[in-house]
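You will see two complexes here that share subunit A, one where it goes with subunit B and one where it goes with subunit C.
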Partner chain A sequence: MTADTISAIIVSGVVLGSLYALMASGLSLVWTTLGIFNFAHGALMTLGAYLAWTMSDAAGLGLGLAAGIAVAVAVLIGVGIVMERSVVRPFYDHRDILLITVMTTLATMTLIEKGIQLVWGARLKQLAPIAPGKVEIFRTTISAQELLIVIVAPLLLGALWLFLRNTRIGRGIRAVGQNSAAARLIGIDVSRLFIVTFALSAVLAGLTGILLGSVRLLTPSFGTDPLVKALIIVIFGGLGSLSGTILAAYVMGIVEAALTYFVGIYWTPSIIFVLLIVVLLLRPQGLLGKVVR
Partner chain B sequence: MSTDANALSVTGLRAGYDASDVLTGIDLHVGAKERVGLFGPNGHGKTTLLNAISHVIWPRAGEIRFLGETLQGLSPQKIVERGLIHVAQANWLFPDMEIGETLELAAYTRHARGVLKDNLAYVMQLFPRLAERRRQQCKTLSGGERQMLSIGVGLMCAPRMLMLDEPTLGLSPKLKDELAEAIAEISARGIPLLLVEQDIVFTLSLVERMYLVDHGEVTREIHRGSEVDHQDIMDMYFGAEKTR
Partner chain C sequence: MFFLKLRTVAIPLLLVIGLLVPIFVQDTYIRHLFIIAFIYGIVASSWDLSLGYAGIFNFGHIAFFGIGVYAAGLCAKLLGIDPWIAMLIGGMAASAAAGLVALPVVRLQGVYVVLVTFAFSQLVLQVVISQSQITGGTLGMVRVPTIELFGYNFLRDYKLGYYYVAFALLVASAFCLRQLVRSDFGLSLKALRDNEDYAVSRGIPISTQRLKVLVASAFFAGIAGGFYVIYLRVASPEVFNFSTVSLVLSMVLVGGTASIYGPIFAALGLTFVLEGLANVNGLAEGRFMLVAIVMVLVLLFLPKGLASIFSRK
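And then the complex of A and B:
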């Protein structure tokens, strides 16, 4: 194995890992705070990408990507709030909230995907890359857009981390996720923070969609694959830990890049699932997860 | 504002879970600077009572007035904003948060944030052990430290009254003494207290008055200094022999 091979694997692994970290962080945030999985997370990515496309593309309004990002963020905040209120909130006191919200968020996913198909049609679209061209890193060539993703992902995740760690609302969100009863007793409005969390996660999904939409082709079901990847990564990283999710994303990216190189794209997904099962057999709590008391 | 001079007054309070009432009509009051104990066998509604007062569960009937004003219809966070702070039993708080972070977060309401610095200094002085462990996560604390943190968190909420639910549960006698001292010191600042306890000696050392709660009702009121003989205590632990 040459140095070039190793660097090719690591570079494409880090690119993949950055994407996975972005995809999974919003999902993980909602899981650690509200204790539910949002199966519409991928559809929210799709929505963000399509909104940005309409605002920025010449075939749309042609207002530039900044406008696209702004509109996508604003709309996704709204969608996140509406989603929390309509398909999650009614079930907070329900014993089977986890299963019920699997159904309601799956339904929302279908609704958003079909809505996108109605509005934008099924024809493939692609966002113009923010950074065009190619760059060479460690003698491996990747697109400038991929490099941008590698840089933006840690920045976004770092900003999320700082927010959760240092702001009153962010700490409140962590507190609610760790012990909502105790949070209520210090005067935290738990349901308000649930809304904030959901909206934040929707925005993360939208931004991920925008970044992803210029390296992959946009279709109404564009979010399905990222959703599955994100679910796997959140479980792999250990439920209930955002740092575990992020670590798992990068590990998964590099493992996938290595497998793709050595065994090819055909067997890689199967082998990844086998590896996932082995990890969960050895560490049922995931990579950084805690043993449930 | 009414002329009610009590910090807290509860009349005819009924509350419970699911179909049945755990509290079947509770009457009690806590005076402006008073320390009052709640004592009674497990499962007879003491924790339920505190939960109902702080609206963690919704009262089904009766009235709760705090500093002369009714708490009717207020959300738990509004009650915290009023300054009625409930320190829950065996509270694990936020396992992955650091002690310092937890205490700062506990000053969550606008008023509490305004006095954060003073209160933090006070908590650190009251519980030096927490000061030493500021960067440690809550889950790493021992039982006694966790109780200290729970009370510290209550103090950070800028309380005008504290309700403590079994602050000495499972602690060694030495730690109990330490906590009793801290609680007495808090109360000496003029903060009224409602203290739920299993340890009657501990309770009597701290409070001026004590209610015995049995089967969801207040069945007795004991004043400090009044004779409490061995039989009374036995009655309180094991239930009085009465014909039902």
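And then the complex of A and C:
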């Protein structure tokens, strides 16, 4: 194994890991705060990318990417709020909230995906890259857009971390995640924070979609593959903590890049799944996770 | 009580109606819809066994169905095994896969069960797509042999043979599933679902029971998959899609969990409604959005499914 191989694996692993981290952190945020798993997260990502495409692409409105991002963020905040109100909130006091919201968010996923297919059609689309061209890092060539993803992902995640740590709302969200009954007792408006969290996670999904939309082709089921990867990451990392999830995302990206190099793209998913089963047999709560019921 | 009496009359009546349908329905296309609905009925009701009765958050059921599809299809097509036996192999392959998934699943709690079963179904999909020289990949598998009996090809007479095979499979699986849930085994599953700690303290082996129920429910799904591929003669990886999952899930929910019959009727109803809507202008894609909305509405207002309107408890 030459130095070139190693650098190729690490560079493409970090690109993958950055995307996975963005994707999985939105899921993890909703999980720790609301205690539900949002299967529509991938569909929200797709929606963000399509909205940005319509606003920015010449075949759409041609208003530039900044307008696309602004509209996508605004719409996703709305969608996040509506989703929380309609398919999550009615079940908060239910004994099987976890199972029911898996089903309702799955239904929402179908709704959004089919809606996208209805509005935009099944023809492939692609967002123009924010950063065009190619760059060479450690003698490995990647597109400038991929480099942008590697830079933007930690910035976004850092901003999220600062928000959760330093603002009143952010601290409230963490308090609810740690103990929602106690948070309620000290006067935190828990129900408002649930909405904020859901909207925040939807925006994260949308931004991820916009970043990914210029690397991969847009289809209505564009969010499925990242969702499944994020799903595996949160199993590996444990759903409990944001930092654990982000760490697991980067580890997973590098493992996947290495496996793809050594065993090929076809057997990689199987090997990852076998690894997953082994991890779960030894540590049912995930590699870094705490016991969650 | 009213419902119990109704049931003793209704079941034989429905059996007779089911047997007589082909006399009144000569149209191949309508018969085809019945056959598809029966298949969905088997898949939905067997899912109800693990999801509704045992309360296992099993979202890999469609993958078990898909494994049945591909195991039976490949055995019949590539190995030249008799299609009847291939269907059975489909069931056994699905059971074997369920046993594998059960290894981690019986030790996990809550959302991790959902995640692992979902991840499993995606893995199966990936394997099918990647082994394209065997499975046909994304293009699908074509020209699977048909079933015959004493030289009679079941495709003849406007799919008459297939109709009865599908109906027989549905009746047999409904009967087996009812027997299962009413047995001591079924009661122990309900006990585990309703009060796990108490059930365990009374000596019910939780892991063993969960393993058994996953293997059993996958068997029915696998047989249904085997029949599906032998009947349609083609298979594509689309059977593993999230949309298939949410369609069949909506059948289970609309029909009512933990009832076995409910999902079967919902499967029949939804298949015909969806097919009817497909011909309405502009609803070809929109109909699945409607199903998604109905599913959420049922969860909101009728958590026990539409069957709960009639049961008058």
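Going forward, the second predicted complex is superposed on the first by the 290 of 293 C-alpha atoms of A that agree within 3 Å, B and C clash if a C-alpha of one lies under 4 Å from a C-alpha of the other, contacts with A are read in each partner's own complex, and residues count from 1 in each chain.
Keep this in mind: a residue touches a chain if its C-beta (ideal position, glycine included) is under 8 Å from a C-beta of that chain, and two chains touch if they have at least 3 such contacts.
Since the model is a prediction, treat every value here as computed from it, not as a measurement.
Colleague: Could you look at A:3 and tell me whether it touches subunit B, subunit C, both or neither (first, second, both, neither)?
Modeller: neither
Colleague: Would you sort A:270 into first (subunit B), second (subunit C), both or neither based on which partner it touches?
Modeller: In the superposition, A:270 touches subunit C alone.
Colleague: Touch check for A:232: first (subunit B), second (subunit C), both, or neither?
Modeller: In the superposition, A:232 touches subunit C alone.
Colleague: In the superposed model, does subunit B or subunit C contact more residues of subunit A?
Modeller: In the superposed model, C touches more residues of subunit A.
Colleague: Once the shared chain is lined up, is A:98 touching subunit B (first), subunit C (second), both, or neither of them?
Modeller: After superposition on chain A, A:98 lies in contact with subunit C alone.
Colleague: Just subunit B (first), just subunit C (second), both, or neither: which does A:174 touch?
Modeller: After superposition on chain A, A:174 lies in contact with subunit B alone.
Colleague: Please work out whether A:182 is in contact with subunit B alone, subunit C alone, both, or neither, and reply first, second, both or neither.
Modeller: Once the two structures are laid over each other on A, A:182 reaches subunit B alone.
Colleague: Could you tell me which stretches of subunit A are touched by subunit B in one complex and by subunit C in the other?
Modeller: none
Colleague: Which residues of subunit A touch subunit B once you look at their complex with the stated criterion?
Modeller: 165, 168, 171-172, 174-175, 178-179, 181-189
Colleague: Provide the residue numbers of subunit C that touch subunit A in the complex, in ascending order.
Modeller: Residues of subunit C touching subunit A: 57, 59, 103-104, 107-112, 114-116, 118-120, 122-123, 126-127, 130-131, 242-243, 245-246, 249-250, 253, 285-286, 288-289, 291-293, 295-296, 299-300.
Colleague: Per the contact definition, I'd like the list of subunit A residues that touch subunit C in the complex.
Modeller: Touching subunit C: residues 31, 37, 86-87, 90-91, 98-100, 102-104, 106-111, 113-115, 117-118, 221, 224, 228, 231-232, 234-235, 239, 265-267, 269-270, 273, 276-277, 280-281, 284-286, 292-293 of subunit A.
Colleague: Mind pulling up the subunit B residues that touch subunit A in the complex?
Modeller: Spelled out, the residues of subunit B in touch with subunit A are 54, 56, 75-77, 80-81, 85-88, 91-97, 101-102, 104-106, 108-109, 112-113, 153, 156-157.
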